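Chain lettering (A, B, C and D) follows the sequence in which the chains are written, and residue indices restart at 1 in each chain.
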Amino acid sequence: MKKLVVLVLMLALVTVSTTLVFAGGQEEGGSDQPIKLGGVWPLSDITGEQGSKAAQQAVDEINAAGGVLGRQLELIILDSEFKPEKGAAAIERLATVENVDVFLGGMASSVHLGQIPILKKYKKLTVWTGAASHLAENAIGGDADWYFHLHPWDYQQGGSYVDGWEDIIGKYSDIKVDKWFLAYEEGPFGSASFESSKVLFSDMGDFDGESFKSAAAGGGDYKAVLQHAKESNPDIFLWAGYGADALPLLQQSKAIGFEPALYVGAPPGWPADFGSSSLAEDVFLYGMWAPAMNDINPVSKKFYDGFVEKFNVIPATYFAPLSYSAVYLIKEAIERAGSLDTEALITAMEQSKYKSALGETITFKPSKVIKHQGIEGQKILQWQNGRQEIIWPFEFSTGTPVYPFPGWENR
Amino acid sequence: MSKLEIRNLTKKFAGLVAVNNVDLSFGGDEIIGIIGPNGAGKTTLINLVSGIFYPSSGQILIDGTDITTMPAHKRTRLGVGRTFQLIHPLEDLTTIENIMIGFIFSQDLSMKIAKEKAEMLCRSLDLDRWDRSVSQLNILEIKKMEIAQALATNPGVLLLDEVMAGLNSDELKELIGLIKKVAKEKKVAIGIVEHVMGVIKELADRVVVLENGAILADGSFQEVMKNPDVIAAYLGGGNYA
Amino acid sequence: MKISPKIVIFLIIILLSIAFPFFAGPYQQSIAKNVIIYMILALSWNMLLKTGQISFGLAGFFGIGAYASVLLSLKLGIPPILTIVLGGIVTSLVASAMGMIILRLRAMYFAITTLALGEIFRVIIHNVPNFAGGAHGLILPGVIFDGNGLYTYWLFLGAALFSIGLSYYFDKSKIHLALTAIRDNETTAKVRGIDIFKYLLIVFTITAGMQGIAGGLYAQSFGFVTPESSFSGDFILLPIAMALLGGIYTTAGPVVGAIVLGVISEYLKLYIPYGHLIVYGLIIVIVILFMPNGIIGALYVKIDGRKTFGKVDQPNE
Amino acid sequence: MTKAKRLFLSGGIFILALIIFIWRPTILIYGIQRAGLYAAVALPMALVLGIVHIVNLAHGELLMVGAYLTYFVSVTFGLDPLIALLPVAVVMFLLGMVIYKLTIKHTLKAPELNQLILTFGLAMVLGQSVNLIATSQPRTLTVDYVSTSLSIGELTFGVYDFIFPATALIILGGLLFFLRKTRVGKAAQAVGQNPRGAEIVGIDVDKIYLIIFSLSTALVSIMGSLYLTKQSIFPLVGGPFTMKSFALVAMAGIGSLPGVLIASLVLGVSETFLLSFKGYGGWSNIVFFAFIIGVILIRSHKGKQI
């Protein structure tokens, strides 16, 4: 009996202390208070880690330059831990405990799917940098005017590749692409690439593909899929996987003597020092940004130098400039709106014309379902002399394509 | 009044014959002693009857029902009870709970009635500290608990496997008295495997001697002890008297 | 019926938890909901553990429940609450069919087989894109109660109380005796009339159903399922850690463990945004080292002076 | 099993292997390479499970830490990873000792679940610490010899991967020699079979546990170094290996080191067999788990309950 009483009392204690611990301040933001932005990223992942840091960098820059509307910005960063329920709880906290005015951040579609019901509840201005799955777009729906999505949707990425290769073939007549082979990791990221590409590339010749288990998921043996690719002898070999797959794929291609004329990789990020490998030379890649952008884009240079100075590392993922851009988009919208009223912010956001570090001037247009889609495509780049050079769109190009992919023996 | 019949029972383990063509039946309130040298197949026989192992061939019947291939818990319900040579108490349960198990699961009694019955049983066995955990019991109490556990399943036939092992002479006397009382009051047929000849002499109405898995002799204690085969077997296998 | 202080305190806690949304904000409620999901998993896992069987199949059943609930909503238009219950029943049916085959395995062989079956479910879901959305998963047109936090919280609380009640019933009824007997010594248990297989099957089926219900709640409240998130390995070891840190073989243990670990993880990340999981891991290590019987076990030792608090069979050798 | 049966079975397997080899030689080549990796990683876990009787959920994380150490040693001192693996293995042996002394030793008397969750916590600490220090960005060493290939007629395949089966055989041979021929090894075997009995005859059980756990840590770290030469590493790279090894050990039967090799071979070859059919790769994951369940069930049917 006694032990039960003690037990129950302890339970009660835990409940009460929980409530107390999480009862946050509910004070309203006065005009001298900072404007609060709330960001959610998976902080243990390089995308989330650098994305959140780049956002902080932008906030610090803006504050150093006097803030917005005479007020400072404050960025509250929460970890989604790559878990939908944690990502959703983070939004609840930002909305109710921290009383932020704007949501931003994002990475991973499944986490975002969990957050969407909560975002819909608060309908605050939301600027999202990740989540490419069309399921997320469907879940957001067509009437969410407060939602601004920067990252291209999966089908848009596929479409941009079609445009890109058509442009490249048109410009460089020696490049021939009739037969495609796509090796894709079996998770949602790779499957989405395959399904959309299969439809989109059907006009551009033979399209074939097969899945593999990514090293990120405990795989890393690509010999079977490479063997099949070799047997189908494509003009262009693409792979959609993760950074950890990049070099082993090349090594195993070399080992089995597979030498396609175009070798294209589409991971969200590349391994450190990838460029220093001789195998990496002249591999094409899809991406939104590379340090090469600094040569032609002053915003990119400013972002890059600031990031390196502040954090002492090189930005390794395009989620960093993307998050950086998100903060500036928000800042400009607040300035245009002259207030933090959501309606005014949405209208101001719709008028955005922000020259971003990614090259594009970001404006918002409707996509298949939602009203406000920012960037609509990826870029085609190529590893040349250890550096990612931008090949397409030609307006951002920092290099010309090297074709064909040199044989393994000449490296 | 139950009756256990064992017909032509054989059990082989990987070529070794542990029980060899045994025919044995007893019942009513008979107490039979099962003796024999180490490795004679006594415990295997009990294991076969209670359903721990299944025989290689032969038949086991209780009150005419064939239980040869029946799972152990069903045999218990039909009245086969036993104790273990190496004691197997359920350590995470209290003593009374250990005993209640039999009432609940082989006689389908409710928790409340099972508890009352278990307490009654404990009293009748002079086992007072029934609310303790098993680890706090002494050896005699554990033996009593084992017997109570088996009695709680309401057995018609109770097989006791070296239940006296490890007891001093006072404790031995107490337990012998108890078993006599149980046999008389509960009308249970008891098969008792024992090394201590004094116990067999005291308790058994009839004695069966096993050697190498087969029955060597079957009769009253005096008869069996005079049997030259038995004497030879025991002289060969060491002195147990 | 005489009113004991135990019942009074218990009622107060229930009332407090029902009234929780009125003095705690949506964030606290969402934490509570997350805690409840893990609490149900921890409780159900602990219920099966009483037989000595260690299941790693939690994520598999969680995923089946989640998918069943979403598919029933999408394909048959059944109301969400009903699909959660039906999802639990579907999971139970799957589990009982599996149990027929695998419940004679013991110790780590059972554990690894349940884990493998969970993975097989995930791979199957992954490879049937037309039926279950394949690698992308499926989304629901809306979430349960149209996102009304109050009702959702009460639904979760209801599920939690149901699970606690079930677990408590397992502690107090004859099932407790059967399960403990099976864990302590199977030979004794069967010789005393316990149908081991029947009880294992019952418990396996019921606990899998609870795990399926947890999956259904999760899917309906967030409005989606994907193979990766619905069958996530997080639903295996975290609930086990919670049950163990709270104290196994009791109802209070998993409840306390889920609350403590669930709250700590939220608390930590506010102060250590980058790297809080290191501290979380360290807490698990330290508690296991210094409270091998869990929080409730440590309390029992304090109150009862009892040294040991149950034990699990050693691995088969 | 009778001798005739065994002969018949091995003959059948040999003929099957021959047919596969003639039909699609790559299945066998890649299958053996894959099996080698599985076995070499699973063997140290089998050792710990067989003797210390703990399921080490930090097994994969120790591989990962070994790989990262090798990476940093190689980059800093410009060493070839195959040379760097030696000092790293020594360091990892010491790390194993520290982990054992500080944590595992104190939970050995507790139920096995406590060790499971303890090592789960350790895995979290190791993984997240590396994540904080080195970020989640994959890291790679480029070593030229890993893509060495051999062409026989039409067939071109990588030969470097044979380092995995070779290592597996060396580890297995070494461990068997250690356990059967050396004094410490024999003592370890006695401890594995009956720790209490071993204690009575005067074996220092704690010291044996310490040696075995540290040895296993060093061995798995060597596999981490080898893995680094072939693959990119990242903080979560080890996780899948833990479960895979655990499953293989269960398939092999606890305590059987050669069994791990056979289980790995069966799995490796059947996975590559399925992968060789285009479009069925996604189902090859099922093979792994179906095999585990099948083997465990068959063994439970033949023997007693396991």
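Basically, contacts are C-beta pairs under 8 Å (C-beta built on N, C-alpha and C of every residue); 3 or more make two chains touch, one makes a residue touch a chain.
Computed from a prediction, not measured in an experiment: that's the story for all the values here.
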{"item": "Co-neighbours of chain D and chain A - touch as defined", "value": "C"}
{"item": "Distance in touch steps, counted as few as possible, from chain A out to chain C", "value": "1"}
{"item": "Distance-maximising chain from chain C - centres being C-alpha averages", "value": "B"}
{"item": "Chain nearest the overall C-alpha centroid of the shown protein atoms", "value": "C"}
{"item": "Pair sharing more residue contacts (C-beta pairs) when B-C is set against C-D", "value": "C-D"}
{"item": "Distance between chain centroids, defined by C-alpha means - chain B, chain D (Å)", "value": "49"}
{"item": "Rounded Å distance between chain B and chain C, as computed from the means of their C-alpha atoms", "value": "43"}
{"item": "Inter-chain centre distance, chain C versus chain D - centres from mean C-alpha coordinates, in Å", "value": "31"}
{"item": "Centre-to-centre distance between chain B and chain A (centres being mean Cα positions), rounded to whole Å", "value": "74"}
{"item": "Shared interface positions of chain D, touching two or more other chains", "value": "128, 131, 282, 285"}
{"item": "Overlap residues in chain B, where contacts from two or more other chains coincide", "value": "none"}
{"item": "Multi-partner residues of chain C (each touching 2 or more other chains)", "value": "126, 274-275, 277, 310-311"}
{"item": "Arrangement of touching chains [line / ring / star / complete / other]", "value": "other"}
{"item": "Each pair of chains that touches, named by its two labels", "value": "A-C, A-D, B-C, C-D"}
{"item": "Of chain C, residues touching chain B in the complex", "value": "173-174, 177-178, 180-181, 183-185, 187-196, 249, 308, 310-311"}
{"item": "Residue ranges of chain D touching chain C (in the complex, touch as defined)", "value": "49, 53, 55, 57, 103, 106-107, 110-114, 116-118, 120-125, 128-129, 131-132, 193, 243, 246-247, 250, 254-255, 282-283, 285-286, 288-290, 292-293, 296-297, 300, 305-306"}
{"item": "Residues of chain A that touch chain C when the two form their complex", "value": "1-12, 14-15, 18-19, 21-24, 43-44, 49, 52, 77-79, 81, 83-86, 88-89, 92-93, 95-97, 109-110, 113-114, 116-118, 120-121, 133-135, 138-139, 186-188, 190-192"}
{"item": "Residues on chain B engaged by chain C in the complex (per definition of touch)", "value": "50-52, 71-73, 76-77, 81-82, 84, 88-93, 97, 100-102, 104-107, 111, 135, 149-150, 152-153"}
{"item": "Interfacial residue positions of chain C with respect to chain D in the complex", "value": "49, 54, 101-102, 104-109, 112-113, 115-117, 119-120, 123-124, 126-127, 237, 240-241, 244-245, 248, 274-275, 277-278, 280-285, 288-289, 292, 310-312, 314-317"}
